[in-house]
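Each in structure tokens, the structures are laid out below.
Two complexes come next, and they have one chain in common, chain A, joined by chain B in the first and chain C in the second.
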Partner chain A sequence: MSAVTSVLPYGVAAWLFGIGLYGIATSRNFIHLVGCLGVCQSATYVLLLGLGYRWGSIAPIFYDHPPGTPAVDPVMQALVLTDIVVGATLTALLLVLTIQAYKRGGSLDPEKLRPMRAGGKSGRDAGSGRVRDA
Partner chain B sequence: MSPRARVALLAVAGLVLLPGAAAVIAGLPPFGSTIAQYGARINAIVPEARHVANMVSAINFDLRGLDTLGEEFMLLAAITGTVVLLRGRRGEGSSERAMRRPGRAVIPRSEAVVLACRVAGPLTALFGLYVVLHATVTPGGGFQGGVILASGTLLIYLGEGYAGWRDAIRSHWLDALEGGGALLFALCGLVPMLTGAAFMQNILPLGTFRDLFSGGLMLVENLGVALAVMGGFTQLFLEFMEETRAADAPEEPGEESA
Partner chain C sequence: MTAFPAALLPLPVAVPLVVCAAMLATAHVLPGRLPDILATLAALTVAVLCGVIATHAADGPLVYWFGGWEPRDGVHLGIGFSVDEASGWVAAFIGLLYALTFVFAWGFFDRTHGHFHILMLLFLAAMVGFCFTRDMFNLFVWFEVMSVAAFALTAYHLAESSLAGAINFTVVNSLAGFLMLGGIGLIYAQTGTLDFEGIAAAVARGGRDPVVAGAFCLVAAALMIKGAIVPFQFWLADAHAVAPSPVSVIFSGSMVSLGLFGLAKVSAVAFGGSDQVQHALPGLLIGLGSFTALLGGWMALLQRHLKRLLAFSTISHAGIMLTGLGALSVDGTGGMLVYVVGHGLVKGALFMIAGILLATQASIDEIALRGLGRGIWPAGIAMALAGLLLCGLPLGVLDQGTRLVQGALWQQGYGVALAAGAIGAALTGAAVLRAAGRIFLGLGSDPGDEAGAPSADEREKANRPLWLMLAPCCLLLALDIGLPAALIEHALPRAASAFMHRPTVHALAEGPGWLPWASVAAALAGAGFGLFRRHLPAFVVRPVSATQSAPTRVLEMLHSGLIGDYAAWLAVGVAAIAAVLAIA
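Moving on, here comes the complex of A and B:
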């Protein structure tokens, strides 16, 4: 295969990771940040599936094809499966933390949130003037 | 730190890491050429050794079953953290029944939506069960099937509305499904040890190749994972939905941030 197709999947993975990282660095909103983390994570799917691919081979399931038919790397597919499941629940956990931060600080902007102190100044620093205790 | 300074910092860090990353990328095999030895060996040996057709299931539930057990508990920990954080704020007093938030209109559903969900819901659940049971012969397994089962319960919500959904689905059932599934998976590791075998060694008969009942212990582990995933994802949805209602303690966020 040509040089372009040989590098393209890795290029796509690098681009996805880079653009997700840029989004995380410039994010002014926690929900946007969690979304950017998801973009970064999808780069790992592309990378893993690209590493395990082989031209002219089947999925590693020998039901219609007899064992011995060329198949792609099953280890990578198992890793992607793990990645997806853990990523989904982790996204949920991060979104819950976002909800908590919003309730405490009244803002989704990481710039406006200040470290919480025992004195309960956090609400005022966040600009909302609302102080709640748990 | 201003956004511009953050981007500059990211660029500097990127420049430092770039030579290493470039070396690694240059060392990668060309796309589509060869697969690693480990994967090739698994494709060659495992169909005869374990009598299963799906190599991904064989890796996840047999060869590297211990990893999947860890992943299962990672999932359990993430969902537990989510539930604790959300439910902890609402307190223990929240009732099992769905409550109407005052001042919020309930939009009536069209009968076509209700009918479609009543038809599609059970079919989706059936398909999820199919995917779980055929873990060792077709592309499928506990994780995928569990998510499909969870989406089947969400179709009930779409069709019947939130109140009807909460009447049908109890939170502690979901807790039991989630924890019970993880327990079943852990028992699949521990019970073989009672017979003198190693942790998670396949002690059940392996069955015949390309048959539904092949792979021995893998089927039981898949069932455990499916229960945990279904319970966990439905639980996540329930807790996030409960968060929007806030009937007894209304929250007014002080400042809207765009």
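Moving on, here comes the complex of A and C:
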């Protein structure tokens, strides 16, 4: 195992998280944004699997191996599995929210859909309208 | 005292989960008010059980290992619950807050087949599990369950602004979850265990280690995102302002402070042995906390949307809690734990008042509501009292927590943090009192600068009598004022020492007695200025307006509601925490 290959998974994880975050920061479409969030999450998969990996070991299933055979860390794999479940829940929830937002706002652009600024009506307009009414 | 059967420890988590599952299975046949009754009873049961557990934990933490996987030869493989007195009481408080919230929301969610109650009970179970666990990964799981329930509850109205708020909340808090999981992976790789005690032992053996510092950086950033600490605070105002009022009560009353509770536990127990982390913590927590207290208070003062105002006030108080944590002493952490309960009681009451205004007056805009609250004056009295308590009126649980936090900061000479906390509390108090004066007394005239703050039209169902909504609100305030101070004074030194795994101290220091009064005076002056600026001489008003308008515009611009900006700030915050840890 060379120094490059042992550092590689962490580099890949950092790169994935960074590029995903960049995607979220610049996204102009909610579906694209959900995809970018998935990229960020892939970073955690790579990181966890990289941390749990043992060179020259088998998967932690001892069905046809004698106990004591070196295996990769099963705890990390359990963490990744849980993470996948969490990720599926989040993606589903976010996509539902996106669909509902599209139904109501008619747009998938985060710029057009901001909390407290619904319908392009800024606080100042709403306020002056009310003052005039009174 | 007889020994408490440790096998019953998972019960407060199991009860809401079982009720929640039963309700989900029978939701379409449950008649009328049954979900309300069931949910209230379940929450009350949790509160009572946690209270019993807490009293039994006074002699020493109660430990339960799932499936009997106890640690053997120093190897921790199983997942455990470990409840000390402080965690038990915090969980009991959360149960009580939920019970009162269910009463407040009585019939609010008609014809939803109890889905609101199901999500809320899931939320409750997650919070209690979060308080009880002693396992890093289990902490993450409860963190995520809490988040998913919260995301769905935020979007409950399915209105345009609530969907946008929920999406921002979901994305930012999901990123928090990923950071936390990464941190947990790192600490596990380094120590070979996920158990708090196991990690603590391994970290203490290991000495200076960049992987441990990196792990702490990621976990702390995640918990600070939940705790809405600057620069991670953006999601909170969006989410709290648009969530249904009963949900906001829970968000502000317990979810945000639980993030900081988790941070307290992780930094005192799991990372307690790492010198590098402990060196970095005071500067980091006190710096960020002071800044958060001031920024949150300032933003609260600028709002005209009442729930958004309260949301920023929560940010400010989260900052004050963080400074208490930053003192790294039993006094500071003990004060913070009391503060969590006191703040939850008062802020819960305030969000209930906002809900009452939404239901009875069909508006949440401070300017539009001017003078409209006269018909429901009892709510006005409650709001004024809550506002005074919020800025530090020396009375009740919140004040006790404030004085303990101030005492810890005073003792260690963190004068700036002390001042920032007092000013932050004064600013949020001023904002609440100004709103109360305008809504319930019809004071003030031109909206002036506040008109720039965002607002939105909203309404909530007006199908409940006023007394039913006001009763839980008043009960929260009564609890804050009425809980005997001697009880807390007696139990807290022991509970806080056990919470931090430190030797027991005998008495906790308190801050200077004049400081809370100074906050109250400043809050009254601030509220008065907001309401009567028309009648004040120009030489008072002009300098204030001149210094106020430019930073105000910048602040409002920063809180853009754009998820992209929030993600960028998140990266900045994580980098800042990493830098502080690297220097230490």
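Throughout what follows, the second predicted complex is superposed on the first by the 114 of 134 C-alpha atoms of A that agree within 3 Å, B and C clash if a C-alpha of one lies under 4 Å from a C-alpha of the other, contacts with A are read in each partner's own complex, and residues count from 1 in each chain.
Note that contacts are C-beta pairs under 8 Å (C-beta built on N, C-alpha and C of every residue); 3 or more make two chains touch, one makes a residue touch a chain.
Treat the numbers as computed from the prediction; the structure is a model and nothing was measured.
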{"item": "First (chain B), second (chain C), both or neither touched by A:Thr89", "value": "both"}
{"item": "Contact breadth on chain A, by residue count: chain C or chain B", "value": "B"}
{"item": "Chain B versus chain C as contact partner of A:Leu8, first or second or both or neither", "value": "first"}
{"item": "Partner chain in contact with A:Thr44 - chain B first, chain C second, else both or neither", "value": "second"}
{"item": "Which superposed partner A:Ala101 touches (first chain B, second chain C, both, neither)", "value": "second"}
{"item": "Which of chain B and chain C A:Leu33 touches, first, second, both or neither", "value": "second"}
{"item": "Partner chain(s) touched by A:Arg114 [first = chain B, second = chain C, both, neither]", "value": "second"}
{"item": "Which superposed partner A:Ile61 touches (first chain B, second chain C, both, neither)", "value": "first"}
{"item": "Residues of chain A that lie at the interface with chain B and also at the interface with chain C", "value": "21, 25-26, 51-52, 75-76, 82, 86, 89-90, 93, 97, 100, 123, 126-128, 130"}
{"item": "Residues on chain A engaged by chain B in the complex (per definition of touch)", "value": "1, 5-10, 14, 21-22, 25-26, 28-29, 50-55, 59-63, 67-68, 71-78, 81-82, 84-86, 88-90, 92-93, 95-97, 99-100, 102-103, 106-109, 112, 123, 126-130, 134"}
{"item": "Touch list for chain C against partner chain A, complex", "value": "137, 141, 144, 148, 151-152, 155, 158-168, 170-171, 174-175, 177-178, 181-182, 184-186, 188-189, 194, 238, 241-242, 304-305, 308, 365, 367-368, 447, 451-457, 560-565, 567-568, 570-571"}
{"item": "Interfacial residue positions of chain B with respect to chain A in the complex", "value": "3, 6-7, 9-10, 25, 28-36, 38-40, 42-44, 47-48, 53-56, 58-60, 64, 67-68, 71, 74-75, 78-79, 81-82, 85-86, 89, 137-139, 141, 143, 210, 229, 232-233, 236, 240, 243, 251, 253-255, 257-258"}
{"item": "Contacting residues of chain A [partner chain C, same complex]", "value": "13, 17, 21, 24-27, 30, 33, 37, 40-41, 43-44, 47-48, 51-52, 75-76, 79, 82-83, 86, 89-90, 93-94, 97-98, 100-101, 104-105, 110-111, 113-119, 122-124, 126-128, 130-131"}
